[in-house]
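First subunit A sits with subunit B, and in the next complex the same chain sits with subunit C.
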Partner chain A sequence: MTTTAVTSVEIASEAPRSDFGRVLAQRERRFAAALLAPAFLALLATTTFPLLFLVYTSAFRMDLAMPFTNGFVGFENYQVLLSDDRFWTSLLVSLVYTGSTVALQVVIGLALALLVMEMKRGQGWFRVIAILPVVLSPAVVGMIWRTFMLAPEFGIIDFLAINAGLGSKNWLGDPTLAMVSVISIHTWQWTPFAFMVLLASLASLPEDIYEAARLDRASAWQRFRRITLPLLRPAIVMVIIMRTMVALTAFAAIFTVTAGGPGTATEILNLYAYRKSFTELSIGYGSALAVALLIVTIIISGILFAMRRAK
Partner chain B sequence: MTAKRLRGIALLAISMVFLLAWAFPIIWSVMNSLKTDSDVLAYPPKLVFTPTWEAYRDVLFGSGSILPNLLSSVIISVGTTIVTMLMAVPAAYALARLRFRGKKFAGFYVLATQMLPPVGIIIPYFLVLRNIGWIDTYQGIILIYLSFSLPFAIWLLVSYFEDIPFEMEEAAYLDGASRLKTLWRIIIPQVRGGIAVTVVFVFLNAWNEFLFAVVLSGNTVRPVTVAMFNFVSVEQTLWAKLAAVSVLAMLPVVVLGVVAQKHIVKGLTVGAVKGGGRR
Partner chain C sequence: MSGQGQVSFRNIVKMHGEFAALKGVNFDIKPGEFFALLGPSGSGKSTTLRILAGLDTPTAGRVLIDDKDVTSTDARDRDIAMVFQSYALYPHMTVAENIAFPLEMAKLPKSEIAPAVKDAARKVKIDHLLDRKPGQLSGGQQQRCALARAIVRKARLFLLDEPLSNLDAKLRLETRAELKKLQRSLGVTAVYVTHDQEEAMTLADRMAVFMSGEIQQVGTPAEVFARPNSIDIAGFIGNPPMNLVPARYVDGDVIVAGHRLKTTTTTAGERDVVVGLRPGALRMSEGGLGARVDLIEDLGDTAVLDLDCAGTMIRMRVADGNIPGEGDTISITARPQDVHLFDPATRMRL
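And then the complex of A and B:
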């Protein structure tokens, strides 16, 4: 490698024109290809290949419990899907779950970040405590809530409800309460995320704008509405996008708590695809449901990214 | 003066409520893990009790010990971390520093793979792994964990690679060092911190994963997040033991989270800022 000494000069130049430069650029491409190959082969094998195979299996009846009925069915799974009430219900549950958890996370997270910014001492406590829920496994979180927080009578939430005069409730057995519970659990775990991100971007806002606004006697609400909110918009939209993607494919925190029940009360589309495939062993139809979930994800993220670009 | 003080007290009260709301479920699990079953079930809930290590002794060394499951979790997480880093570090370096055609597309592809819902990956993978007999094996689980750990690690590392000044490499090239040597001797030491943070996050995500684990695990390979279910059944719940297992499952990630505290926000939002621009 005697020629490499000149490489740096070529890196800096815009486009290598000489033959010598072309050789070096080619060498750089080859080096890049060698470095990228393992990771990209792994990604092809673990993401692109499954996607193609998923679309393929969705065109089959593939019932592990009744293999003799298996065979190519074309678009039949999708036709069934469109007239499947459970699919539409699960889609609605997904939208309610995602919409409410994301809205709650952003509103509470933002309010709390603004509040903590006002504090002169004790910010450190928030930074440490806020990390705890975020790093936990949703499966463990779900299990803790299902038992020690929500179990009738000795669960802390139920204990508080009894003492507040509401009486003991069947938090996970009643369809509406079960939905409220899984939404609350998700919000509990992920609000600290919104809080940390928004606190970080609040802390990076320029101080002098606020100084000017104060001199102009802008009220606290005006300052928030006219300065803070527009400046925070990119961070807020980013939090919304990230949290929406996660909420749409939430699994463990619902599976461990209600498993989608009672009945299908908390069965989001993601969970329906799982149950269809691995509980009812109807893999072909489950694949069609997973494809539907992917399409929903793409549509929603398309809308969110359009929102991000819009002024 | 009084208005200001009132405001301060209100601030303090509200913040205490939130801190308690976040910390309590975790503290309560720790407390319950140190109780006997009858203390766990006491009404009203007992805040003061005689602590005992009995639950931990039972879940660790009793019959149906979860030690093999903890070991499973460790092997899966460490294995995933090593394989991920071996692939992600070179790839991230290429994406951050080298010039080649299709670079933008490569970056976009890495991000786009994250759009795929995990359930859409596990259905086909279950069929494939079943065919080649890789259900209930470490290689099966670690392979599929790459689907989420790789894109994440690559993007996090790219953000660290981009922070290094170009002059470092140029100086090395001028000294006649080869590309590989430069990467290994000059660049990697510069991003040691970033690599450490990435390792923490990859480990954390692998430790916490549940959907793939619940489908692919069996009697040989069953991480602790899945094994937890053994303590909750229709007939009975082993309350104190469940609390002990939860605490054991939480312990490594809480420690890592607190250690990596300063980098958490960056790790959590990686790809989002940059990705948005490229989409």
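And then the complex of A and C:
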């Protein structure tokens, strides 16, 4: 350390001023790189490498049940995938699941945030209670819903349905109801996130522009449409982007509640890839499905980010 | 213009919990008048304006606009335009959209909005900035945008909440003059809140002076300057403010620092008073109150002298060319009509 310092001082005293600046900048860059290296290497090892390995695997036939058929197949897995009805179904389920959960989260989250902003007292308590579902593990949430809430006769939801005169429903056994159930569970768990982000964003809006709008004769609805929504737009778009990425790759809650069933009614693409890889032990094809999910996620995120930049 | 813009406040009280922000405020504003609400911060002038705008509701009392009780009318339905101290521009809209907003809310057809926006922008000289967002404007330009948004609607009342306080000194003087011209040309009733007595003096046709939640005096700037109602107003209006010196009243004279001054004010017998002397009303003359010049603040055309009159500090304004040296002893006096007397107990004018 000391020796380098001495050398650099020597160089600096001889070199012209601009060189001195460049040397300093270079040293600073090197130091920054050194600080960054451990985290960067760790990320490389835990995310980039598995990703590349996944892409590599997807070019092989790797069937643990029939190891004698293993070997390099190039794009064959992808060709199979494009004509695989179950892939297209699971992609559709993924899109429905993502679209509806994200839309519900934003709408309910925004409505809650607007409501809580009006609360004179108890805002703090409401925030604490609201954040609770977010800190639970999705697997735990899935278990709670499957047993506590949706179990026929004994689950709270089913109990309420019976009392409301709707009769006992097979919440997780009926294809449509199962889909509704997993969407509700995800929405229940993650709406607080949207709520918290939008509430923080709402609280940061200046009060005086609302007073100006009142004097400008804007009605409550007009104030919401013309002022609140445009000013919240960046926060809303951010919530949509973050929640979409997560919803596309959701796993644990669905896995514990329906495991993709009944049949393939709630089998999102992620779950299909998992089932293919670890239930049917077809690792190569499962990898190809995972890569397909990655591509879909990148495309949708790209579209959302482009929309964010649009205005 | 949908009304005349006449305003009456009847015994308006505003409580914030135990604290009385307004303790029964009464005043009338005539149509077309430029009316200033003047007072130090916390005196209740902004609260008064907010109650007039309908942004706050009074705890008691009535607000009348054009003889109609609007006390419980929402701000939306009062037909009032306002310029906020913070300008309160809509940050996501361009200047043109900001100015157009009140017209859109009034459901004016697009064909009428565009020329009205241009016209309002031209009046405040920002018609070249219509496509900018507020964030891209300087403070002065934002202020003009807020003005344009307020005047575009031709409301019957035009409220201004310290509109110049965020501008630098030079711009403030320029804008002040333009504001007055604008108000005259529009012929609209304007209510102007300020803590700057100079602004109120130069702009207002009449003004109400607020002190701790009460109006202590209403009148033209000249009246308030010439005959302040209380010690507090006397000490607030004028630059430098009036000298306020404890003295003794004896048969038509007051004794200030051991010297007799004639006064036109008469009061019964012999009593303690507070004498008010405007720095500009003091004269140098033989046989007056002896004073030593402590400090001279030369302002170019005039100078302000800090005088020590046997332990009492008095400030005096003198014209250029007539300035004594620091440390000199001079003799000062004032005309009887310039000697104001106040009651030290009630703090009111005698």
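Going forward, the second predicted complex is superposed on the first by the 294 of 311 C-alpha atoms of A that agree within 3 Å, B and C clash if a C-alpha of one lies under 4 Å from a C-alpha of the other, contacts with A are read in each partner's own complex, and residues count from 1 in each chain.
Following the convention adopted for this analysis, a residue touches a chain if its C-beta (ideal position, glycine included) is under 8 Å from a C-beta of that chain, and two chains touch if they have at least 3 such contacts.
Here the structure is a predicted model, which means the values were calculated and not measured.
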{"item": "Combined model on subunit A where subunit B meets subunit C, clash or fit", "value": "fit"}
{"item": "Touched partner set for A:Tyr78, first subunit B, second subunit C, both or neither", "value": "neither"}
{"item": "If touched residues of subunit A are counted for subunit B and for subunit C, the larger one", "value": "B"}
{"item": "Partner chain in contact with A:Phe224 - subunit B first, subunit C second, else both or neither", "value": "neither"}
{"item": "Which superposed partner A:Trp188 touches (first subunit B, second subunit C, both, neither)", "value": "first"}
{"item": "Partner chain(s) touched by A:Ile209 [first = subunit B, second = subunit C, both, neither]", "value": "second"}
{"item": "Angle at subunit A between subunit B and subunit C, C-alpha centres, nearest 10 degrees", "value": "90"}
{"item": "Overlay on shared chain A, then closest C-alpha pair between subunit B and subunit C (Å)", "value": "11"}
{"item": "Touching both subunit B and subunit C, residues of subunit A", "value": "none"}
{"item": "Interfacial residue positions of subunit C with respect to subunit A in the complex", "value": "53-55, 74-78, 80-82, 84, 86, 88-92, 101-102, 105-106, 149, 153"}
{"item": "Residues on subunit A engaged by subunit C in the complex (per definition of touch)", "value": "206, 208-209, 211-219, 222, 226-227, 230-231, 233"}
{"item": "Sites on subunit A touched by subunit B in the complex", "value": "1-2, 4-5, 7-8, 11-12, 25, 28-29, 31-36, 38-40, 42-43, 45-51, 53-54, 57, 112, 115-116, 118-119, 122, 125-141, 143-149, 153-154, 156, 159, 188, 192-193, 196-197, 200, 238, 241-242, 245, 248-249, 251-252, 255-256, 270, 273-274, 277-278, 283, 286-287, 290-291, 293-294, 297-298, 301, 305, 308"}
{"item": "List of subunit B residues in touch with subunit A within their complex", "value": "11, 14-15, 18-19, 21-26, 28-29, 32, 40-45, 86-88, 90-91, 93-95, 98-101, 103, 106, 109-110, 113-121, 123-128, 143-144, 146-147, 150-151, 154, 166, 169-170, 173-180, 204, 207-211, 214-215, 225-226, 228-229, 232, 237, 239, 242-243, 246, 249-250, 253-254, 256-258, 261, 264-265, 268-269, 272-273, 276, 279"}
